Amino acid sequence: MSTSYNRIAGHSIERLAALSDGIFAVAMTLLVLDLHAPARELIHSEQDLWRTLAAMSPQLVAYLMSFLTLGIFWNGQQAQLSRFTQGNRHLTWIHIAFLFAVSIMPFSTRLLAEFIRYRAALLCYWGNVLLLGAVLYLSWRYALRSDLVTEDTTPDIRCAIEHRITVGQALYAAGAALCLIDTYVSIAFIVLVQINFAIAPQIRWLSRV
Amino acid sequence: MSTSYNRIAGHSIERLAALSDGIFAVAMTLLVLDLHAPARELIHSEQDLWRTLAAMSPQLVAYLMSFLTLGIFWNGQQAQLSRFTQGNRHLTWIHIAFLFAVSIMPFSTRLLAEFIRYRAALLCYWGNVLLLGAVLYLSWRYALRSDLVTEDTTPDIRCAIEHRITVGQALYAAGAALCLIDTYVSIAFIVLVQINFAIAPQIRWLSRV
Amino acid sequence: MSTSYNRIAGHSIERLAALSDGIFAVAMTLLVLDLHAPARELIHSEQDLWRTLAAMSPQLVAYLMSFLTLGIFWNGQQAQLSRFTQGNRHLTWIHIAFLFAVSIMPFSTRLLAEFIRYRAALLCYWGNVLLLGAVLYLSWRYALRSDLVTEDTTPDIRCAIEHRITVGQALYAAGAALCLIDTYVSIAFIVLVQINFAIAPQIRWLSRV
Amino acid sequence: MSTSYNRIAGHSIERLAALSDGIFAVAMTLLVLDLHAPARELIHSEQDLWRTLAAMSPQLVAYLMSFLTLGIFWNGQQAQLSRFTQGNRHLTWIHIAFLFAVSIMPFSTRLLAEFIRYRAALLCYWGNVLLLGAVLYLSWRYALRSDLVTEDTTPDIRCAIEHRITVGQALYAAGAALCLIDTYVSIAFIVLVQINFAIAPQIRWLSRV
């Protein structure tokens, strides 16, 4: 019987983490490439420049939202990777799929910033976030089933990690659904939820998540 | 006798891995820069936007294909690097050549996405993949010959690594040859092969690869 | 009582450092994307090319200034990270906010290079630098209060790190205020201060900083 | 006496190496952004596409040359960093200056690819390479003088590292001087020298370098 290639590839969590950090770093920084400086022909005074910069604020909000999203998912992935004893080929590919969703984020953001009033853009953005969450959830379930998780991972911790993803996704879905009212309401809701995630849940029922 | 510079350079596998992860991360993320958001002037309704996004699907397929390709070769390189006891100058330069092929991938992808019906574009793309495979094969043969491989690398593992590259390249070549029929057939074939590689060979005769 | 997610996320200083290095690396290199080669149509002789390149020098100065700024803050962040025993969720998010300010730097720089005579551009740039300094200061204070700092961090070292940020920010603010006279004076002042920071303070009263 | 900030910053060679790998990775990959796919309007047949791709070969040569240059200097920097016992603030700033020269490389390359017949472009390119070499030489001399080099660095190794840089720079300077004849001669000479460096000197008198 010959040795399967699948048994010798993808064991290094360190290199997976390094690739992930690289892709997150590039994706988070590339977002800013779409903040174009105003065209010089349109600016004739200090007032013009201030006004044009102020008019860029929706783009800046879309940018900030995506940076927060990527920050949240970077944390989520890290919390998992730090609990894996080792990788295997399948786990590696699940995380490459996750990184694919990360790398599309600058495109979804650009789309949203450009068409901030269109539901289609918001739903594409939400689809991207949904994909991030779904793959991350899959990664965790797969690692649990395949015994790739460190022994000090108590049932409590397992629950916390899963709960985190499901509650997060439920809130994102609620935010996306708000686009039936208005896309701005959606975005405001999502940004508020994310800031709450980032500065850590102070609201009681969320703090147990 | 003076010490040759060649004997003191290029020993660190860690830094080579770090450079590789960086270049893979940038190349995989840069691919998305070519997914341009539709021009705002052309979009007047939700339907317009959905239609335009749907029309981008060939580009998205080309993008997905390249992401998979880079993922596969990242895995392939990692499987090798994790088996090297140390590097030397020659091995480092073989891997810099490999990284050159990686860094050209965004260009080949852009070319293919733009000219998806042209054989010239498909053959350029295939040339790029062939270069990746050839250099990776060379790296392995060189490392074996120069005794840079860990002792636990049994003949079985050696075979698996080489077999992997040759079978992979044979399938890519078959895919490229299919462009005599139609470039879309080529691309469909390559994407299917890659997805099979990624989700791990389930087909019996491939599973031994 | 269920385990809070906040207690299991964000502990790895190593991965935070890796993400930071990645974002700094991309931001520092993206700056150069805005140095466009002159349009070929405008160049008909060697003299034309030299003249056009010489005319790009304000852009090059803005670029150099931002590279220095990012270098200074990379050093500042590193000095802190190397003194943290471990991270926690709050500290991680403070540093993600810091990285947000880093990732906006290419935009601020582009704005300044394009509108080098406008105070609005200079004040935006200064706002960015202020944000970098403020978040870094917050990070240090938070880490001290939360006992995340290594034991060999003597009061002297604590003072040095805080003093560094406050003196630096005071000088940046003074530089920004000089735009009341002229933006070029501002920029010259900031560049000189930064070079002094970089080649290490030789001036007596600064050397104690 | 207060603790100088200079004594507590910049000690980590690991993070300096990580930042360097990141900047090299981005710079090496960004080069390819300037290989634009041909405009779709100009291509009406397979022949058109092949012809247009063939016409891009000077750009591809400029790209290959820069990739080789960066590969050579990455090796050169790595050979040094692996010999440093620790860093200090000055050494860190010398390497940030080195990384500045690295980050400008995509611009110099773009300039050369666009104006391949102009001496001005070639001399700018050479100025960039000269800066890389000069700063790297300075770094080594400084580290030697400040006792930051590992003890197993014999005089032979010291000579080899210095010799490497000076011979390399002499060859680059000779290549640049050849632009008095023709810029293409310059470029051909530099590319040949670099390939020789990369595949390791086979020519006797160079092999001792």
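Annotations for the structure displayed:
Each chain gets a letter, A, B, C and D, in the order it is written, and its residues are counted from 1.
Note that in this section contacts are C-beta pairs under 8 Å (C-beta built on N, C-alpha and C of every residue); 3 or more make two chains touch, one makes a residue touch a chain.
Note that the structure is a prediction, hence the values are computed from the model and not measured.
Under the contact definition stated at the top, the chains bordering both subunit A and subunit D are B, C. When you average the Cα atoms of each chain and compare centres, the chain farthest from subunit D turns out to be A. In this structure subunit A contacts its sequence twin subunit C using mostly different residue numbers, the overlap staying below half. Here the spacing of subunit C and subunit D, counted between their Cα centres, is 25 Å. With centres set at the average Cα position, the gap from subunit B to subunit C is 35 Å. Shared contact sites, meaning residues of subunit C that touch two or more other chains, fall at 18, 21-22, 25-26, 30, 33. For subunit A in complex with subunit C, the touching residues are 17-18, 21-22, 24-26, 28-33, 35, 37-38, 40, 43, 46, 49-50, 53, 64, 67, 71, 74-76, 78-79, 81-82, 154, 156-157, 159-161, 163-164, 198-201, 207-209. Subunit B meets subunit D in the complex at residues 2-6, 8-12, 15, 18-19, 21-23, 25-27, 30, 33, 89-90, 92-93, 96, 99-100, 103-104, 106-107, 110-111, 114-115, 118-121, 124.
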